[in-house]
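The two complexes that follow have chain A in common; it is paired with chain B in the first and with chain C in the second.
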Partner chain A sequence: MSIVQTAADGTTRAFRIGQTERQDSLRARNARFTEGELLKVRVRRSTDRSAGATYQDFDVPYRKWMRVLDALNWIAENAASDLAYRWFCGSKMCGTCALRMNGREVLACWEAVEPVMVIEPLRNLPVVRDLVVDRAPYERKVAQLEPWLERATPYPQFPEPLTHASMKSASKALDCIGCMCCYSACPVIGLGDLTDFAGPAPLVQLGQTALDPRNGREKVARSLAQTGIFNCVSCYKCEEVCPAGIPIVSMVIEPLKAKAAALVPHMAKHALALRAVVAARGRVDPGALVLRVQGLRALAQLPRIVRLWLRGKVKPLRTLLGTKTTAAGAARRLLTRGDAP
Partner chain B sequence: MKFAYYPGCSARSTCAELNEATHLVAARLGLSLVALESATCTGARELRAIDPVGFYALNVRILALAEREGLPLMTICNTCTLNLLDAHAAFVSDNKLADIVNVRLADEGLHYSGRTKISHFLWVLHEDIGEARLRAMVVQPLTGLTVAAFYGCHITRPPGRYGFVDSRNNAALERLAEIFGCQPIDYSGRTECCGFHTAAHDERVAIKLTGQHLRSAKANGAKTVVTPCPLCHTVLDGFQREIEKDMGESLDMPVLHLPQLVGLALGLTPAELRMDSHMVPAGLLASAATGGIA
Partner chain C sequence: MAVIGGGAAGCYAALNLHKLGIKPLIICKGLTGKSGASLFAGNLVISGRALGNTEDNARNTAEFLIKYHNQFLIDQHWARRCGEWLERVYYPELEEAGLYFRRDDAGNMVTSPGKIRSIAANVQGNSGVPFMDLRRKQIIKANIPRLEETAATALLRRSDGSVGGVFCLDTMTGEYIVVLARAVILATGYSDRLHARSTGTREMSADGIALGWRAGATLVNLEMQWWHTNDIADPPTWQRMQVYPNPMLGSEKSARMVNSAGEEFFNQQEDDPLAFGPYTVQLKALAKQVRAGKARYDGGYYAGFDHCDAAEVETYTTYGKAYRQLGLDFPRQLVETAVTAHYRQGGIDVDTATMRSSVPGLYVAGGVGGHSNGLIGLATYDGKVVADGVAADLPRLALCELPRQEVAREEERLDALRETAGDGLVPVKIKEKLRKVMWDKAGVEKDAASLRSALGNIEEIRLDLLPRMRLASHARTANYEWLDAIDVVNMVDACELIVQSSLERKESRGPFFRRDLPQTDNKHWLTANVLQKTGNGFRFEQRPYELPFFKPDFIAKDNLEVAW
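Presenting the complex of A and B:
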């Protein structure tokens, strides 16, 4: 995947997509500044939960290896002693300094400054003041999911047999520093109470124990039933901002979905229906999928179905007759073997 | 240039116009497409979660079909692209999985050895055809057409697959739009999610999310949205009536498949590109470009 860029002088340069950003390291960003140069920093400020927010501008003199946190410290020491922000370790361990810089979730202690910065608190959590958010909604959700081990059988003896393979996903989840970057980036959480989706951060906390092979099936099923996990849209926004580099979708949410499909199958209706439709027809027939997932509820969409049909976008007859595609034989062979779940 | 061609399920059902437009545009671009007649669905994201081995088997079989033809594989759907890339990566890094999958494929005399190159049509335009040749092929510059690029998720994330630290820095669609004489606009939805993947059980998420994106595109002056993914198109275009109802405002935003935008610039007509088959009619769009296509 590469793109060719033409410079003003007519010369061309080929970039691999994403490569441009690897030149955006801390060192590269620092190389663009001179000592004492003024950074334009705009900070979102609000005095309490109910008051509206204002943006306050600061000129912060650049110092070598300056991070977002250093800029905030400078503001607090020199320009706004009442600026509220959180930090503790300053080294990507405690997860308390997460905020949004130019529309992206970052750890203030781990992000190099940019010449122009808009700094805002995390989204999807109530703001206490300025850049400080209230973590209570997240903590309540985590407690509700009971993220602990509950063995179905008594503790055998030390050492317990555990393999790297069986702990692979759980150990990735254990890298979480609880910074809430993912929770702020999640578009489904951004929709509030529209769904019962627990959100990426609580699911990572749950994954630490629910993906542990020692945990009892009933306990895991009880927790999963409260996650609304199939409302995850697989957009990977959480993975993109995770400072701990946890593959949240592929190593935590998807293994949890697999557990939910096995232990609480009614939650996985959509996924199981898709599998059945593909196994029967070879390719997805959208009408058949929606009918299988929604049942009679699908009839509420009749006006839309008619509109789609008039444009030739759905083929109700094909759906109702269960017409197979040229891929049906292969899909059936591959998906219905004895070694499949 | 010859490619094994994998359109995916959507371009064979709800977005059949995408398949037709791709064939026409490929012919103009000098791309020869070889159909893989028995190719199955790649399993969306749902199958990957609940039946990983079945998921890998479906995808690796498609890669094996292309390998048997000795051709690179071209896709036109974001999610299919990511599924195939994921399956290829898992296959070459996990010998045990590779053996299990090849045993399943052996039933029909197929075998995959990990050699198929996977490329989305968007990358083929940049990599295999290239900016200079593409520029020379433009016969109908779409001057004045303001375009909002909607990437969708699976062609720009996860970061580990595509290398973007910040997926907002993807500019592949905007660069194409400029080559065709359009004016790309900036708006908040560029690399956001359309919500398609949960729409079969609950459309509300897709309607709410995509409503935000379309509203932003319109507010920033877009006359059309262009997307490289038929799943995104299904929400952006197919759900637009429901989105308007939910927001209580009119959008009337035509949404083009990427090959349709390319086709217009290469001199194909909106009718040939089946732009009239969208839920929000896009047939008159070309005349919005002051370049003036009748």
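Presenting the complex of A and C:
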């Protein structure tokens, strides 16, 4: 998600969310050091999965346009040759050098260094050693979603009829380099086994083919049923950290949710109920929402209902009378527009 | 069947073996489809008559491959078979599997115009990423077993000398793995990261050449090192990021190169439209600038798109991203560029009909072979040929029994490297030293004296630095330092063979510049420079190339005056 600013001369610049608040444009971040200036780098180190971690400090001399990976390479060559960190391509293609710098997920080969850096491994994955995480949990989820095409009709011939307009979302997802920055940043993944949410990165991997018009409906439905996608809280953390600039929520997760609601409606029970309540009443009526999702089973929790009633969280009378707010008309209009999912 | 390498050639070999009912196992030092050079494929050249190519386009593509890409050091019969296969099988098969060849909104496939046309997977500049991601998923779907982040450290041989196994190190756990197979396919790639500036990825260290040589494989044209001319000069990690000089999708323009005086000295679409991948043409243009004092091989010249508007460049390419990430004003500002060692044209000598090496049981596919220079389509074709070659030989290939002595020797060697009590340099420093020797003395320009001096330095490294190598950690888990120690031994061996081969070729040709032998000599050196292992060392032999379709039109000429 980005914010577009228009300057006095009419030129526009787009900022990703988070960047504007920090006032750290790419231009400023690449121009603030002098050659040889010492950067303070603190690296989290651990010898294996079970051992505790320590932090080790290094002074790293800046060199032109230095990336975080250059700083790690300097450390390995000059100060701690046993530092474990993973990278292959060094140019934002393989997606294996992701880590956390000062608390946010970055791709080490792509991100400019900062004057003071705390470097840590990605979250939500086991640490093998130092900055190296075990990719296996992520890889297992991706494989489980079967992220490939199963055509409903036979492949015609090369080149097959296909427009970019129909591939727009899939094409964005195809920019994914599987770096797992979003997987580390996702608060729902951070809940561990409490949900069955596949996580943003596996969903983007799935989106590459599930949002491809050539894929068969049955195949897409089968894959979507494995995703727990409605656990996504649309917090946009994934989109904020994505080094490939993929609009993960707006161009991948939301279209996938819409597909899931159409192809696997039982997954979307809560989301569809919420929408119906808002469309009918012009606001979220928690009582109505619970009744629609749980039915009369909700009444079995009578003490809880009473507690919520006393605290003003639910208003049973209003729920039963079906009271509308003045926004009901507008809500209905917005939610039944053609482009709404 | 053991397949070493998880790039375009290795993956396609494994997929084809699987289709033929032969069980492959992929051993990949990095991650299948995520490490190595295949990811770097910017776009995909249209070969033959595909996608509305004219007869002229088809001929141009073939001529480009043979002249500009390989300087005639290629089996032209193989090139023809490959071209036909690409046209007939490659594109349809990729599209059927789901690869998205970029369309416009109306559904036309977007191509680059010009004498040779190309297409892109999703975005130009990034085609290798979805391409290899598709391969990774095809491998997963086919349930083909993979040993990832696992380095092959030695080829294991039967008592008759034939290859039938691989000794491996799982770099994450530090465990040794012995793979026994009916045969081994080496597919370790083109780019070996032996120079101070190299496009080779983190894990590249000429392992394929070193392992093949130790097993007795004949090598060929090792001196034919290919260079990128406009890769970004700073920061160091971006040394592999190229300002692509090729034609752009949906535009008539290409990047331009400018010397330190601000004068343009190369622009592919204007200067040499037949040089689709104009790397050698660029290098020669740069050499003239270097001699005129207007550029250096390690910087002092610039590349970019300041003659284009941003949308023209960025609608179908990734080319603006690096500029923007550096905070540069794209496309108005240019970026400083430098030369980077790219692919090695040479490698292990193969029979191009079957991909057999000179050692029974050892097959080769893709860039580590010495039969052609890179392009992801060519590497892929090798994957098909090697699978067919292995299938035909299958009745004669028995499963290897455990060669206990060889296994014990390799275990001892790796243990010793890990447990070393040396007090010298750490392995990564020795790597850097070696890369500097190669850059300074066996780099873009070299002569007999600099090459001999390089041999002396390599010998010092081998005899003095390697035995005293120091490791800060002797752990097994994710010990990249230990891996560096294993790598550097391979690098020293490969560098020596490369420098020897460079001394042997008594001419200049394409990207191979000898200051002391500036002429391209088609009378004596239109030949393979074959390096054979002997009982007490090695010997060189020349093997002429057949020239059935394209021939050079001169006998001898100053290499810098030759277009290709």
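The working rule: the second predicted complex is superposed on the first by the 275 of 341 C-alpha atoms of A that agree within 3 Å, B and C clash if a C-alpha of one lies under 4 Å from a C-alpha of the other, contacts with A are read in each partner's own complex, and residues count from 1 in each chain.
Criterion: a contact is a pair of C-beta atoms (placed from the backbone, for glycine too) under 8 Å apart; a residue touches a chain by one contact, two chains touch by 3 or more.
What you see is a predicted model; the values in this text were computed from it and never measured.
Enquirer: For A:327, using the defined touch cut-off, is the partner it touches chain B, chain C, both, or neither? Pick first, second, both or neither.
Expert: first
Enquirer: Once the shared chain is lined up, is A:254 touching chain B (first), chain C (second), both, or neither of them?
Expert: The answer is first: A:254 touches chain B but not chain C.
Enquirer: Between chain B and chain C, whom does A:272 touch in the aligned arrangement: first, second, both, or neither?
Expert: In the superposition, A:272 touches chain B alone.
Enquirer: Under the stated touch criterion, which partner chain does A:137 make contact with: chain B (first), chain C (second), both, or neither?
Expert: Neither: A:137 stays clear of chain B and chain C.
Enquirer: According to the stated criteria, A:315 is in contact with first (chain B), second (chain C), both, or neither; which is it?
Expert: In the superposition, A:315 touches chain B alone.
Enquirer: With the two structures laid over each other on chain A, which partner does A:47 touch: chain B (first), chain C (second), both, or neither?
Expert: A:47 contacts chain C only, not chain B.
Enquirer: For A:95, is the partner it touches chain B (first), chain C (second), both, or none of the two (neither)?
Expert: It touches chain C, and chain B stays clear.
Enquirer: Please indicate which partner A:81 is in contact with in the superposed arrangement: first for chain B, second for chain C, both, or neither.
Expert: second
Enquirer: Applying the touch criterion given at the start, work out whether A:231 contacts chain B, chain C, both or neither, answering first, second, both or neither.
Expert: first
Enquirer: Can you pull the chain A residues that chain B and chain C both touch?
Expert: none
Enquirer: Can you list the chain A residues touching chain B in their complex?
Expert: My answer: residues 1-6, 12, 16-22, 24, 103-104, 187-188, 191, 194-195, 230-237, 239-240, 247, 249-250, 253-255, 257-258, 261, 268-275, 278, 282-286, 289-290, 293-294, 304, 307-308, 311-315, 325-327, 329-331, 333-335, 337, 339-341.
Enquirer: What residues on chain C touch chain A, complex-wise?
Expert: 30-31, 34-36, 39-40, 50-51, 91-92, 95-98, 100-107, 109, 122-123, 126, 128-130, 133, 137-138, 140-141, 172, 201-203, 234-241, 321, 324-327, 426-429, 432, 471-473, 475, 477-481
Enquirer: Which residues of chain B touch chain A in the complex?
Expert: 9-10, 12-16, 37-41, 43-54, 57-58, 61, 86, 100, 104, 107-108, 119, 123, 126-127, 130-132, 153-154, 157-160, 162-172, 175, 192-193, 195-198, 200-202, 204-205, 208-209, 238, 241-242, 277-279
Enquirer: Mind listing the chain A positions that touch chain C in their complex?
Expert: Those residues of chain A that touch chain C are 25-31, 47-48, 63-67, 69-70, 73, 76-77, 80-82, 84-85, 87-96, 109-110, 112, 128-130, 132, 134-135, 143, 146-149, 155, 157-165, 167, 170-171, 174-178, 208-209, 212, 214.
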